[in-house]
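Each structure below is given as structure tokens.
The two complexes that follow have subunit A in common; it is paired with subunit B in the first and with subunit C in the second.
Let's look at the complex of A and B:
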């Protein structure tokens, strides 16, 4: 074997473990789900194999699924905006701080050491009727009776923002950290105020990070189901909850498969749009 | 010969020069690969041969604590067989897990209701217990045994273990005993308590209580649309659908909700903790029995031994007192002590004639339609 041939083979040899893992853990299960989505649920016992379009017809034409999907996208969008508004100043502060940058980054990563479910449940102790906030407000004499703050769409968005904020901050930080600060100095020397320098130089250059963080937050928010279960009221549900209910509660795996694929396609289209205009390289930087 | 001894022999052969370094590391690698490959299937293999552990799945919280403390730990100490106990929030979730697993991966489940027994039978998940290996089964109430025999007349896959009710739980600080008795199940759709009402996110319980609220027989709902309207009304007045016993207890204890339907044992546990929570079984309240269901592919001898141990009078009473649900033992045959007769839903006659159980044919027959419909109603439809 020539050296050229050996060199040509090397990347594939190195990629083999990763490709095998992706094939076995992602592609094969996905194919199973696709196949399952065309089966039919039996009233009891095993499902009926075959090629039936009933589940897809139901998923695509029933307004119930369309409404929940739109509501899911709305909640994900609001969460993403909240993360961006809260995350940008934090990322800017970390990127421009001197000396303690590593400490701040470690602090940013600290929440990942605690289970997402525990972090979500912590809001019950903060916002509950006998939680910290109500107790403080009563103690301060600002209210006489506890305020009902939990179990609504706002608390679902709050929980999601809490969960996703570090992803946004990290992506923006990576973008801001790569901007040459001399550019801001140059803007100042040309007569721009600090605010003008930020708006016309720093912000545009950091937009790829903001977009990468936005995509991550949006996709993760749209695919979640735990947060509405813990912090939502009886009506609050996101699309993933419907997938969970179809598969786990109703034992309707074929319909659940079709619904999960529908969500996958919708989010996949968003990722493709992002990739078309901004490319995936920025996302890789933020995740790295 | 154990693995350590095998490794020592291999190392000796390598050090003596009997095998090359390449072969030595090759054999070590092969041993590692073989170990890794056999792990996922070890449980199934154990099912056919020596059994060192049995998998048990239950409802978590105080119930699992009682099982662990009073049954599993003493059983392991006595036999050396470890009981690995997992938890699930509901029978539906567990059935989905079992359906996706290999036979033998899950062994024994603490299932609720005869309708669960029927559902597992319909999915061909039943096993065949040798009752001769479970002599303590003789002390179980015949009423509980007969319910299973109607579904699998020729064999038995489960041992009845306890029973209870899903009644009305209310905070006495806000709702008096008299008001509760007067309003019964309709208190869950009383505008007066809007935002302070809870409920289990289980379609059966929702429909059962909707039947009571609309004056219908839960095992024969004639006006189904009226029942769904009651479910919708409850949904609009409720603050939260709880999804587990632990969440039920937390919502009541923290006073997030003032009234909900609840599981008798969990409410008793709250009362024991000092919370002023009342419990009331309305007429035709939801009665249920729980069983220890042995799944197909499980190590039967070990499971039967564990079931017999758990049905032993002392074990059964200790677990019942711990989880606050009366045991399946016949009170006319076995002295159940002083505490158990005080537990909610306890029937001293051993006939359980005073409790209304779900008709498995009726409820399983409506499962596909009603579980799906509840998913929609829950979301505002």
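Let's look at the complex of A and C:
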């Protein structure tokens, strides 16, 4: 074998472990799901292999699924905006602090050491009927009876924001940390106030991080099912809960497969549109 | 009225004092260089003038107005950084126009001014490009255009040439000086490079460890260093322990073992006040190596042995021994350089020597 041939092979040899993992753990199961979605669950309980469009028809025409899908996207969007508004100042603070940056980043990562479920459930101790907030309000004499604050859409968004905020902060931080502080100084020297300099220079240069963080938060929020189970009420199911319901409770794998593929396609299309219009590639190019 | 005036400026960072009691007057239209090694406080001083740092003590005035409490964006200064600091997401023209946006300049006039500034830095056709598409030298020219288009009261240059490679640096040095002279803007230039300082400045302020060592025209600072630090920092100098024997008349008579008596003019030793120990300073390029036995012909002459030769093509740096002293001499080479071990006669003029009082060890 010539040297060129060997060199041409090398990347493929290096890629083999990753490709094998992706193939076995992602592509193969996904193909199973696609195949499953065309099967039919019979009343008797056994699945009927074949090519039936019934599941897809149900998923795409039933307004119940449509409403929950739209609501899921709305919750994800609100969560993303909340994360961006709360996360940006925090990321800015960390990126511009001197010396103790590493400590602040470790603090930011600290919640990941505790299970996401435990963190979500902690809100029950805070907002529950006998939780910290109600107890405090009663102690202060502001209310006589505990208020029911839990189990609604707001607490779902709260829980998701709590869960996803570090992802947003990290992404924005990486972006901000890469911006030369001389740029802000240059803007000030040319007559821009701190705020004008931020709007003109720092914010546009940090958009790639904001966009990446936003995308991550949105996709993770849209695919969540634990938060609504713990913090949502009976009417606050998100789309992933429907998939769970279909597969685990009703043992209807074909319908569950169709529903999960629907969510996958919708999120995939949104990601493509997002990429196209926020022009992340373009922004990255500008940064050289 | 000075364009910039610092009075008793002190800057402390915690326990560390970066600038000690600095006072300075910078004349309108002049090109002044803060020169010193890294950590000498030159950049700190520049950043205080710019308004990026607050002085711990003292007053800063620009055009006679105290600016201690004036934020940077209201000081009307042009600032150029070592790393250019162009806005990467804006085109060259947008970069240059940036400062005009905050000065209520009408659109047409702004466009004209941007074009004129790009013309001045000799890059008239690059307006539509992005900074990353330009070379380092071009980027620094754009940074300069961006700083001068706002017609600043003072132009502050923080090591603007240090990121460029050697040849480009020399071209930019000439270019920068040309631009500064053509618009006549008061300029404060920070550098650690003595060549840049000597070539460009009307006045050099040599700094060391947060203190001003000497203020003077390039020739003055080079030829008559006020302190041992200045003598060592600028060019290659020989510093020898000597004794001032006599101050009678217009000359100062210096004695040092192994040398003939050296009588230097009084103005070459302004800080020597009376007889006693002094330091004799002589530049390496003022010491001439001649073949052994060459007649002195009015020059001072001592016998020396070449210990080492650092060949540099058109010139050579010799390390020679005169009695107990090792000295260095930089000479142009005629025919061939002297070889190691050669016996030579070292000749120099008394008026090329300078004398400094002995500094008490700090």
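In this text, the second predicted complex is superposed on the first by the 272 of 288 C-alpha atoms of A that agree within 3 Å, B and C clash if a C-alpha of one lies under 4 Å from a C-alpha of the other, contacts with A are read in each partner's own complex, and residues count from 1 in each chain.
Throughout what follows, contacts are C-beta pairs under 8 Å (C-beta built on N, C-alpha and C of every residue); 3 or more make two chains touch, one makes a residue touch a chain.
This is a predicted model, so every value here is computed, not measured.
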Fit-or-clash call for subunit B and subunit C when the two complexes are aligned on subunit A: fit
Thinking of the overlay built on chain A, is A:201 touched by subunit B (first), by subunit C (second), by both, or by neither? second
Taking the superposition on A as described, I'd like to know which of subunit B and subunit C A:128 touches: first, second, both or neither. first
Can A:252 be said to touch subunit B (first), subunit C (second), both, or neither? first
Identify the partner contact of A:64: answer first if only subunit B is touched, second if only subunit C is, both if each is, neither if none is. first
Once the shared chain is lined up, is A:158 touching subunit B (first), subunit C (second), both, or neither of them? neither
Check whether A:186 is in contact with subunit B, with subunit C, with both or with neither, and answer first, second, both or neither. second
Shortest span in Å between Cα atoms of subunit B and of subunit C, once chain A is used as the common reference: 48
Between subunit B and subunit C, which residues of subunit A are contacted by each of them? none
Which subunit A residues qualify as touching subunit B in the complex? 41, 43-46, 64, 68, 124, 128-130, 148, 150-151, 229, 233-235, 237, 242, 245-252
Could you please specify the touching residues of subunit A with respect to subunit C in the complex? 180, 182-183, 185-194, 196-197, 200-201, 204-205, 283, 286-288
Which residues of subunit B touch subunit A in the complex? 92-93, 95-96, 99, 119, 122-124, 195, 199, 201, 203, 235, 238-241, 243, 250, 254-256, 364, 367-368, 371-372, 375-376, 378-381
Counting only contacts in the complex, subunit C reaches subunit A at residues 50-52, 71-79, 81, 83, 85-89, 98-99, 101-103, 130-132, 146-147, 150, 156
